Each structure stands twice: as C-alpha cells, then as structure tokens.
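Both complexes shown next keep chain A, but they swap its partner, so chain B is in the first and chain C is in the second.
Up next, the complex of A and B:
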C-alpha cells in the first residue's frame, strides 16, 4: 500500500477547498434540521428517539449521495484529464490504487461524521441515546458508505466519462432506495416486498428504527442489517473486478 | 274521558313502536367490546395487547370474520399508519355461531408521542358493514429532554466555525498567488 497515494487522496477529497465547501453545506443543512426540531410545532412534538431517527436517516442519505458523487469522479476524471496513465505506470497494483481512493472518500465521510457529532450530542441531551446513535452511525452508516463508495468507484473505473459515471451511480442508489418511495401497501407483496426486504437502504432504515424507536435487541438489529453486509461484500467484489479491468484504451 | 284515554293509549303505542324500531336499528349482529385496558398512558415504545370480546348476537352463523385495530390521532386529526405500530395485521376469527363469544388479543406497539383514540373494528365478508368497539383513550407521553438553547448554540456555532476555516484556507491559497 502506497502511503503517499493515500495521503494525496485524503488531501484531495477530505481536506480540499471543495471538501470544506461541502462540509459547510452539510452543517447548514444539519443546523436547519436541528432548529426545525425545536421550533416547528409538529416536529417539536416528536419523541427524542424519533427526532434522532429522522436526523440519522437524513445524515445517512446525504452521506451516501455525496460519496457516490465523489466516487463516480475518481477514475473517470483521471481518464478525462489524462492522469490515469501516470497512475497506472507506478509500481502500485490497480487494486491498491482503488483502495487508496476508497480510503480518500472514507476519510471525507469520517470528517462529515465528526461534524455531525455536536448535533447528535445536542439532540440526545438528557438521554442514554448518544452511544447508541454513534454505534449505529459508525456501524450501519459506515457499511452503507463503504458499499456505495466501492460501487461508484467501480462504475467510474468502467466508464470514461465523469457525467455518465455519476448518473449511473445515482441510478444504482435510486434503485436500491426504491422501496423507500413505495407505499406501505405495495411493499407487502410480490417484488416490492422482496425489494423492501433486501434493499440495503430500506433495511438500514429499518435497523435504525428498530434499535432506537422500537427498542429491539441486538439480535433483531443484526438480522435487519444482513442485507447491508451482503451488499458490502458484493460491492467489494465488484470493485476488485472493476480495478482489474482498469486499462487504457487506445486513443485515451 | 274516553277520548283522553284513547289519546294516552295512542301515545303509548307510538312510543312503544318507535322505541322498538330504534332498538331494531341499533341491534347489530356483532358486538365488539374492548375489555382491557380501558385507558393507556405511557411513554413511547410500550407494547400492549388489546383484549377484545366479540359476540355474535344474531341468530345466524357469521362467516369470515376478522378483527383489527384502528387508531386516530386526535392531536393531529389524522388516522395513523398502523404498520409503524406493528398493528397492521388483522386477526382472522373465522365463523361465529349464534350467541358465540370469542376473546382475542390484538398486539400494538405504541411508538409515537400523541393523544389517540384506539378502537377495534370487526368485519365479515358477508356484508359491507363494519362493527367497531367504543374507543379507549391512549396518551403517549413525550419524554423529550432536548435543550433548545444547546441545539441553537450548536446549530449557529458550527456552520460559523466551518465557514471561518474555509475563509482561512481560501486566504492561505491566495497569498502565494499575490
């Protein structure tokens, strides 16, 4: 593993000016939501656990969307700028390059999660929920973020256009998030039920709700999270395959 | 005197007829009654079994009977999505013979803070009528300990800190260019 490449990726993703602009936008969004919880009459009636479920769902949705957009630009932008050749000529294996890019995005998400901590502390104030929320964020959240990072980087390795890679990555996200948009009655039967039970997005949301609101035990929570674990395994395999296929075609 | 008696008799007859007609109208073939609990007041996350007594008060068999919980949020003036409360699955009772009584326990997990009216509804495939019990009051008490001041401090301070960091970085990047 090349540390210099990892440092470069962290610097270009997590510590860049672009990254800080994103942090600012996300903190503004989290601030608006937090203030809404205490000022909007309807929201202020929610129990604290429900408040945290809403906050965590929003944070995870933003995280996944951001890592997808960043991941989709990873290899495709290198191809567009013509810098991929230099990278492939280094003695590093293709998988090592892909892993360095995954670490770069994960470090970006790590800073994002650190920024969410004060909000979580303020919203869990007076309860024992802080540790539970943190555990959920760094377990379920990290699994989701890791999976979608791998998928979007794999897509960017396959495609040579940043625009196409971003669009396709967002499509993958929307397909996996499809059950979230379906009505309760639709999700009860047939293919919609299957999608709801297997979608990493809907099962991660169910995990959050079951742990914080329904107060189910860890066994139920772990059984809920199985599709997310399956998804991360598949995503890693896709990334390994995509990185092995990373070659420069003639004319690029 | 005769006339007065006749008027009294007619009045009594009319009252009797109307009261029996009204009784016949109220006499539904299924009687639904929540036996326990009679009221609920607790914190979110409470699991509760709603014990309900269903009686066939008609002289005929009633087939394909099912019972389910219905809840109305009287604070928001909305019915609730019972899937959130794990109460969306009806209990199938089947057939009730004339005069037969059955007792069922309908599970519900009360998760959201509000005031509700909870009642049990029974339906049969044989007709389009629904038979509901009287409602019981449910109060799920909010246990929010959120400090609005703390939330406001974080909500205003954090974006300012990030914005300052951003400005410092932008300034640092500009200096070498000058």
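Up next, the complex of A and C:
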C-alpha cells in the first residue's frame, strides 16, 4: 500500500474542486428532500419510518451513481491524459494502484455520508431510528458503494475512453437495478422473481424496508443482505482481474 | 576519442513483439548498450522504437526473446528493473493541477526514495533541469519546454542507472533543444547515468550520442559507435563530395532495408 498515491487519490477525488461542487449539489438536493419529507410527516401523510426508507434509498441511489461516474474515469482518464504510463513505470503493483483509487472514491463517499448525517438526524428526530439508519447506511450502503466502485474502476481499466467506461458502468448499474422498475406482480414469478431475489439493489432496498418498517430481527436482515455480500466479493475479484490486465493500448 | 571499458547494461537477444492484431512491431532485435553510453535509438515512424522501450521497461511483454537490464531478466523481475530505470515517455502526461514540487515529491515516494533524502533530492533535480524558480507554479501554466524538463526531472528523481528519453526534444524550439541536450550531457557526465534516447533530429543525436542503433520495420538495420559507422559508410556512400553524416547513413540503411545479423 503506497500512502503517497492514496493521498493523491483522496486529494483529487474527495478534496478537489469537482468534489466540493458535488457536495454542494448533493447537500442542496438533500435539503429539498428533507423539507419535502418533513412536510408530509407533519401532515401525517406518511409514517416516519417510510420517510426514512425513501430518504435512504434516494441517498444510496445518488451515492452509487456518483461513485460509478467517478470510478469510470479513474483509469480511462489517466490513459487519455497520458499519465498512466508514468504510474505503470513505477515499481508499484497494478493492484496497489487500483486499491489507491478505490480508497480515493470511498473517501469521497465518506464525506458525502457525513453530510447526510444532519438530515438523517432531523428526519429521525423524536424516534429511536437514528442509530438504525446510520447502521444501514454504513453497512448496506458501504457494501453497495464499494461494489460499484470496484466494478466501475475495473471497467475503466479495460477501456481507453472515459465516455465508454461511464456508459458501460451506468449500464451495469441499470441492469442490476432492473427489478426495482418491475411491478410487484411481475416480481412474484419466473425470471423476474429470480432477478428480484438476487439483485444487489433490490435486496438492499428490501433489507432497509425489513429493518426500518417491518422491524424484522437482525437474522432476517443478514439473510436479506447475502446477495449484496456476494456482489461485493464478485466485484473485488473483477477488480483484481482487471488490474492484472491493466496495460497501455497496443501500439499506442 | 578514448574508448570506455564496455560493461553491458542493456542486452536484447532476438526480441520479437507481435501485437494481437498480427502486426509485427519488433522482429528478432538484438541490441547491446554499455554502461555510460549515450545510446541513440533511431528509426522512421512506426519502426518499433517506442515498443522496444516499453518492452525493456517491462510495460509490454515480448512475444519472443530475452531482455536483460543490469543483469536482471525483465520478464522475470520487472519491478526490479523499474527501480533502476527512469523513463520520459513520448506522449508524457502530467497531473496538471499539481506544482512541479508536489509532482516530484509524489514520484519520489512512489519510487521509494527515502523520506530524509526527498526534500534534498527534489530541489536538486529541479535545479539540474533549470526550473527550481517555478517549483510552486501549477504544471498547467508550464510551457512545453518546461514540461519536458519536468518530465526529465521525474525520470531521474530516484537516481536511476539508466534513463530512457523518447523524443525528448519533440516540438521544442532550437534553444529548448540545446537546453535539453545540455541536461542529457550533464546527466551522463555528472550523474554517470546511461542514456537511451530516441529522436528524429539526427544532428542532435550525432552531437550527443557515442553509439547508435538504426531500426527499420522492427528490425535492426545498423548498430555501432558513430565514428566507426562514419568510417564504414564513408567508402560505401559516394554520392556527396562532403564528409558523410549520420543522416546520410540513416537514409542509406533505411532505404536499403537491410538487416544487421
């Protein structure tokens, strides 16, 4: 593990001008959502736990989309700017370089999650749900963010164009999120049922709902989250394979 | 000129590189670079120069053949080779928002330069390439010439035994070219670094290199000390009353398309 490279990645992702603009935009979005949610809660139109489920789902969707977009640029932009060759010329292993990039993106998400804390506090005010929501965010949320970070960085290791890497990463996200767009009746049978039971996105949403709304115990919650754990293991293996294949384009 | 004792530092034996699309970039190439050489690696565009440099540095794997750098087999231990070589790639990119000081500190750490030496080494190399006064200026404000100097500084930050400079004067004005030549010469004489350089500026090569290799279509067309080649081809190339130059030899051997066995 090379600290200099990790520091460089954190600086260029989490502490960059681009990062600050993203924090501002997400903060603005969370402010609008929170005002809307508190209004419906005050009018007793929606239970507080339902409000939190929706907020958490939205925050996770935004998080995953952002890390996908950032991850897809990690190696492909270095290829486009001609900086990858200098990194590969150092004695660092390719996996070391990839891990530094994962840490850079996770540090960005960590700041994003810290910005969400006051909003979660406001939305859980007067209940005992704050710790539960935080636990879900830093367990299920972190698993999802880590997985999609690894997948999008792996894609950017294979492709030379940032645009193509971003498009492909978003496609992967949409495919894994497919069951979310299906109706409840469709999801009860056949392939749609299988997809719904194995998709990391739909099972993470089910986990959130079962823990916060249905008040299921930890055992059920852990069994819900198994596909997400399986997905992160696969994602890490994909990243290890992709980083071992990381090279400059032939004849470039 | 007094001949130096010849200690081989880079040897290529029958090195071939065939890309996955079937293109034969390098074909049974044999090279011998000695310690302390300023070795010019010449050839027309697409001759396989950059591919050869990347294979020597462990970035590309040869399809056949053996490459040894300072006695280390590149295929078996690429990371050991990377520790003792510095490279200025042809299309070198920079982290443009960093200052040159930050950039060099980063690479000093990536090359495992001891912490105690880094704060001394970075100003030293910035002084050597003549941009110490710009050390706190973001790289995106640098001219092309300054970026090339910074690239050379990066390639020598870890005091390598060998540096590879792929077209280091490409796109520079005459003064910039002269300045880079002086840096290369200083590196070779003061830091005792072996220099492996590619360039299309044959006059520049004949001024700074003691030995050259000319490749054509991935094959070695000629290799030797410049004065030996001038003696050899002086009697062969008769179409000019003036003494022959490296340029004459280059055009002759690349047009002949012959290979040196």
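One rule holds in what follows: the second predicted complex is superposed on the first by the 246 of 252 C-alpha atoms of A that agree within 3 Å, B and C clash if a C-alpha of one lies under 4 Å from a C-alpha of the other, contacts with A are read in each partner's own complex, and residues count from 1 in each chain.
Everything below uses one rule, namely that contacts are C-beta pairs under 8 Å (C-beta built on N, C-alpha and C of every residue); 3 or more make two chains touch, one makes a residue touch a chain.
Remember, predicted model here, so these are calculated numbers, not experimental data.
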{"item": "Partner chain in contact with A:48 - chain B first, chain C second, else both or neither", "value": "first"}
{"item": "Touching partner for A:86 - first (chain B), second (chain C), both, neither", "value": "second"}
{"item": "First (chain B), second (chain C), both or neither touched by A:226", "value": "neither"}
{"item": "Touching partner for A:5 - first (chain B), second (chain C), both, neither", "value": "second"}
{"item": "First (chain B), second (chain C), both or neither touched by A:125", "value": "first"}
{"item": "Chain B versus chain C, judged by how many residues of chain A each one touches", "value": "B"}
{"item": "Contacts on chain A seen with chain B and repeated with chain C across the two complexes", "value": "none"}
{"item": "Residue numbers on chain B that touch chain A, as the complex places them", "value": "44-45, 75-76, 81, 83, 86, 88, 109, 111-114, 140, 142-148, 150-156, 158-159, 162-163, 165-166, 169-170, 173"}
{"item": "Contacting residues of chain C [partner chain A, same complex]", "value": "19-21, 23, 25, 51, 54, 57, 59-60, 79-80, 82-83, 85, 87, 89, 91-95, 97, 105-107, 109-112, 154"}
{"item": "Chain C-facing residues of chain A, complex", "value": "2-5, 8, 12, 16, 78, 81-93, 247-248, 250-251"}
{"item": "Chain A residues within the chain B interface of the complex", "value": "17, 20-21, 23-24, 27-28, 30-32, 34-35, 37-39, 42, 44-51, 115, 118-119, 121-123, 125-127, 184, 213-215"}
